[in-house]
Amino acid sequence: MIDFIQQLIGGVALGCVYGLIALGFVLIYKATEVVNFGQGEIMMLGAFLSYTFIVMLGLDYWIGFLLCVIAMAIIGSLMERVVIRPILGYPQFSVVMATIGLGLVLRALAGIIWGTDDLRIETPFSGGVLRVGSLVLAQDSLSIIVATALLCVVLYAFFRFTRVGVAMQATSQNMLAAYYMGIPVKRMFSLIWALAAAVACVAGVLLAPITLVHSNLGFLGIKAFPAAVLGGFGSIPGALAGGVIIGVVESLSGFYLPEGFKDVAAYVVLLAVLLWRPQGLFGSHAVKKV
Amino acid sequence: MNVHVRTSYAQADRLFPTRSAAFWYGLLGLALLAAPFLLESYYLSQLVFVLIYAIVGIAMNVLSGQAGQISIGHAAFFAIGAYMGAVASNHEIPLPVYLVGAGAFTGLVGYLAGLPALRLHGIYLAIATLAFAFIVEEILARWEAVTNGNEGMMLFEPTVVGQTLGETSFYYLCLLVAVLVLLAAVNITRSPTGRAFLAIRDSETAARSMGIDTARYKTAAFAISAGFTGVAGVLYAHKLSFISPEMFSLLVSIDFVMIIIIGGLLSIRGAIFGAIFMIMSDPLLILMKDELPGLVGGLMGTVGIGGAVADSVQAGLGRVLNAPGLKSLIFGLLIILFIIFEPLGLDGRWLRIKAYLAQFPLYRPATGGRARMYLKSERNR
Amino acid sequence: MSYFSVENLSVRFGGLTAVDDVSFDVEEGEVFTIIGPNGAGKTTLFNLISRLYTPTSGTIRFRGEDITRLSAQEIAGRGIARTFQNIELFESASTLQNLLVGRHRHSTTRIWQDLLRTRKVREEEIEHRRAAEHVIDVLRLQRYRDMPIGGLPYGVRKVVEVARALCVGPSLLLLDEPSSGLNVEETDAMAEWILEINRRLKITVLMVEHDMSLVSRVSDRVLALDAGRIMALGTAEEVQGHPDVIAAYLGA
């Protein structure tokens, strides 16, 4: 039983990371109908940047974290400006491939700039454990769960109560109407990408102590797809719910099922859910109006 | 300017609409037939890879270019074909049997994979194909009894009626398969099936209202595409004589999509251009790694930049060029650049060059423009 | 028994009843028009008939057969073709290719035969081409035959929509706002086409329209809808003079 709970918590923590990446997908998709297949690589870049700030430049963990998030936000909006803006309006297939290309470029650059060894970051939580009865919970995992929860509250407040947040929602629902209302739609796109990149960066920095920083971190982003699709690509809570489900499935199947099933468990669950509900668990079914 | 005068519907429908087209393609055919006698072993080997990738490119064109369905998991079909070929060949089943059999079986798998496509669109479909590919890769790695798991499988030389196929014969086999696949794909475009595909790609609603059974044609597109890819897989397995699951990873699926992005999504000729590019990219990269720093150094010397600056630039260039991720970097950049600047790929550029030469000096650069669809939401397709 | 009939047809989307207990008959060979203010449910009615939506209740009959539960592609197979209000042409293809798609229900070759391009395929291709060219001649689209749809002017695309529907070889043609977006000359031409299609090609036409002059010119009978319900049914003058109809359009 204890094992089960521990695996569960570990799964939830992993799921939060998936959820954060999936969140980035959903943010960008809702606003621009672009699915950013490079989101995982953006997370990886965030992790590497945090390594640069915290380890190489020796800054305090929290300051480094903050700087990193800001830097990634800027880089995210730059990516939007340079790569995505020119191809808005192209068929989805092309845009998807462009983001895949972006991911490839980021991964290769990371390998060139930081090398291919695994890098380690020391955090205030490293190595610490919390004991509840006979449960041993790693502080790293807990910090992920707590941070994700906090981030969700912040994002909720942002979208609900700030002008920019409401403007973003408007843009995502009807671009043309948003234009007419005076919302600078193109700037909104940049902001959305900046936000998504910042969220991915947070995920990356939280994940870094657990998985170490290396250029294949982006592949975790691929696991986040099932999370986003499960959640229906329509809502933030959906993305997180999807992420947690995938994380838990993976963690439990790694523990209870024979070797090798862990990796595909997420995908099997995904296909099963899609066959039952093609729009994902929380997605809405849109029918074209003719 | 070329003005084609057609005097009957039958003539308009011909494979080679003009005499000059027939002439040039005929010449190409002769060159390909004579290749083993004209090319060295290394180049012939590369040509075989081009043919194999061309088959896959055509398969991708049928599914994505013609029918508009996204697949980023095609390496799975490639793998299934390759492993079936390996297993069958090691059990001494005749080559023609398992070549066709692998294609048929992979086509069946493609049909099954296409069933979810009926309910999924766009991004959901792409991710489902991704999931499917991962699952197949994992099955191949785990099913050690049949596939020897991660250690991979060796293949015997391909044999037909007892005769081992040497390099030249294998080349002709690949050429034959490629030509057959090409003809089949071209036949599709000139038939009701091809038109059903394009209808589904552009407007499923209208397609259904015209009486097209979209379910049937979507799954057919998947089946045909998978079948072609499976056959290519068999040839690939024999060419390398050794296969293992990691040779069919997501990156390979991305390579396949690159074939049609670089070559041109909407045309079969584009798929072939794309295949040529993908195979030539490796030798070109090696050439670049070896020659480019020296070239740049020499250039800087002629211009007058010397000493420490030139040396550090050369050293930096050398370091970048020899980094392990270089190929990914360049491919990633190429994908992005092609999508932004050459949406119709090399084929589009080829057509524009032809138009330029034909219309000179009246050619207008805007001739090849592409209509943007800002406001048309794809969410509601 | 009438040629085409709709009986007690209703559809509800969540809490909204878009079409409410609508019944009417269409005689063979007539031009039957549905009018009504925006949001009256006209296009929804069309979408129900062509089975892009599923009715909540009611029946649709064509030539004695109950077609309410058939799928959209089966409807086309029964000889009912439609155009779309917002143009659903195949943008990347040429006019001719769009028309040839319309011919789909007339092709008998299976997919494997297409792959191999058997003699049957070749013969049918010529037949399809001939039929499409006939429609091109009727609607005078020769100039645009090989041009991709994306580059054609709006008025021409409306005509291509009709042409494609004609290639289906329908007995009943559903026209969804054929004159929307057209100027006076183009609307005039469209009226001529509709009359020609109806009288010369002997196709029954069921259409939705806003332009009253077009309606009066071509329609045999008119049905007025408002908020999903029938207000009036009769000839064009009768309906236009009906007090409920006037109230609905001008506001009571």
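The first chain written gets the first letter, and so on, giving A, B and C; residue counts start at 1 in each chain.
Going forward, a residue touches a chain if its C-beta (ideal position, glycine included) is under 8 Å from a C-beta of that chain, and two chains touch if they have at least 3 such contacts.
These numbers were taken from a predicted model, which means no experiment stands behind them.
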- Measuring from the mean of all protein Cα atoms shown, which chain centre lies nearest? B
- Message: Which chain has its C-alpha centroid farthest away from the centroid of chain A?
- Response: C
- Note on the structure: Between the Cα centroids of chain A and chain B the separation in whole angstrom comes to 31
- Task: Just give me the whole-number Å value for how far the CA centre of chain A lies from that of chain C.
- Result: 47
- Query: Between chain B and chain C, what's the gap in Å when you average each chain's C-alpha atoms?
  - Reply: 41
- Please set out, as single numbers or ranges, the residues of chain C touching at least two other chains. 52, 84, 88
- Task: Find every residue in chain A that makes contact with two or more other chains and list them.
- Result: 290
- Note on the structure: chain B residues touching 2+ other chains are 205
- Which part of chain B faces chain C closely enough to touch in the complex? 9-10, 12-13, 184, 187-188, 190-196, 198-199, 201-203, 205-214, 217, 220, 224, 266, 371
- Message: List the residues on chain B that touch chain A in their complex, please.
- Response: 64, 68, 70, 72, 116, 119-120, 122-124, 126-128, 130-132, 134-135, 138, 141-142, 205, 250, 254, 257, 261, 265, 320, 323-329, 331-336, 339-340, 343, 372-375, 377-381
- Query: How about chain C: which of its residues touch chain B in the complex?
  - Reply: 50, 52, 71-73, 75-77, 81-82, 84, 88-93, 97, 100-105, 107, 109, 111, 114-117, 121-122, 124-126, 128-130, 133, 150, 164, 168
- Message: Considering only the defined contacts, which chain A positions touch chain B in the complex?
- Response: 29, 33, 35, 83, 86-98, 100-112, 116, 175-176, 215, 222, 225-226, 229, 233, 260, 263-264, 267-268, 270-271, 274-275, 278-280, 286-290
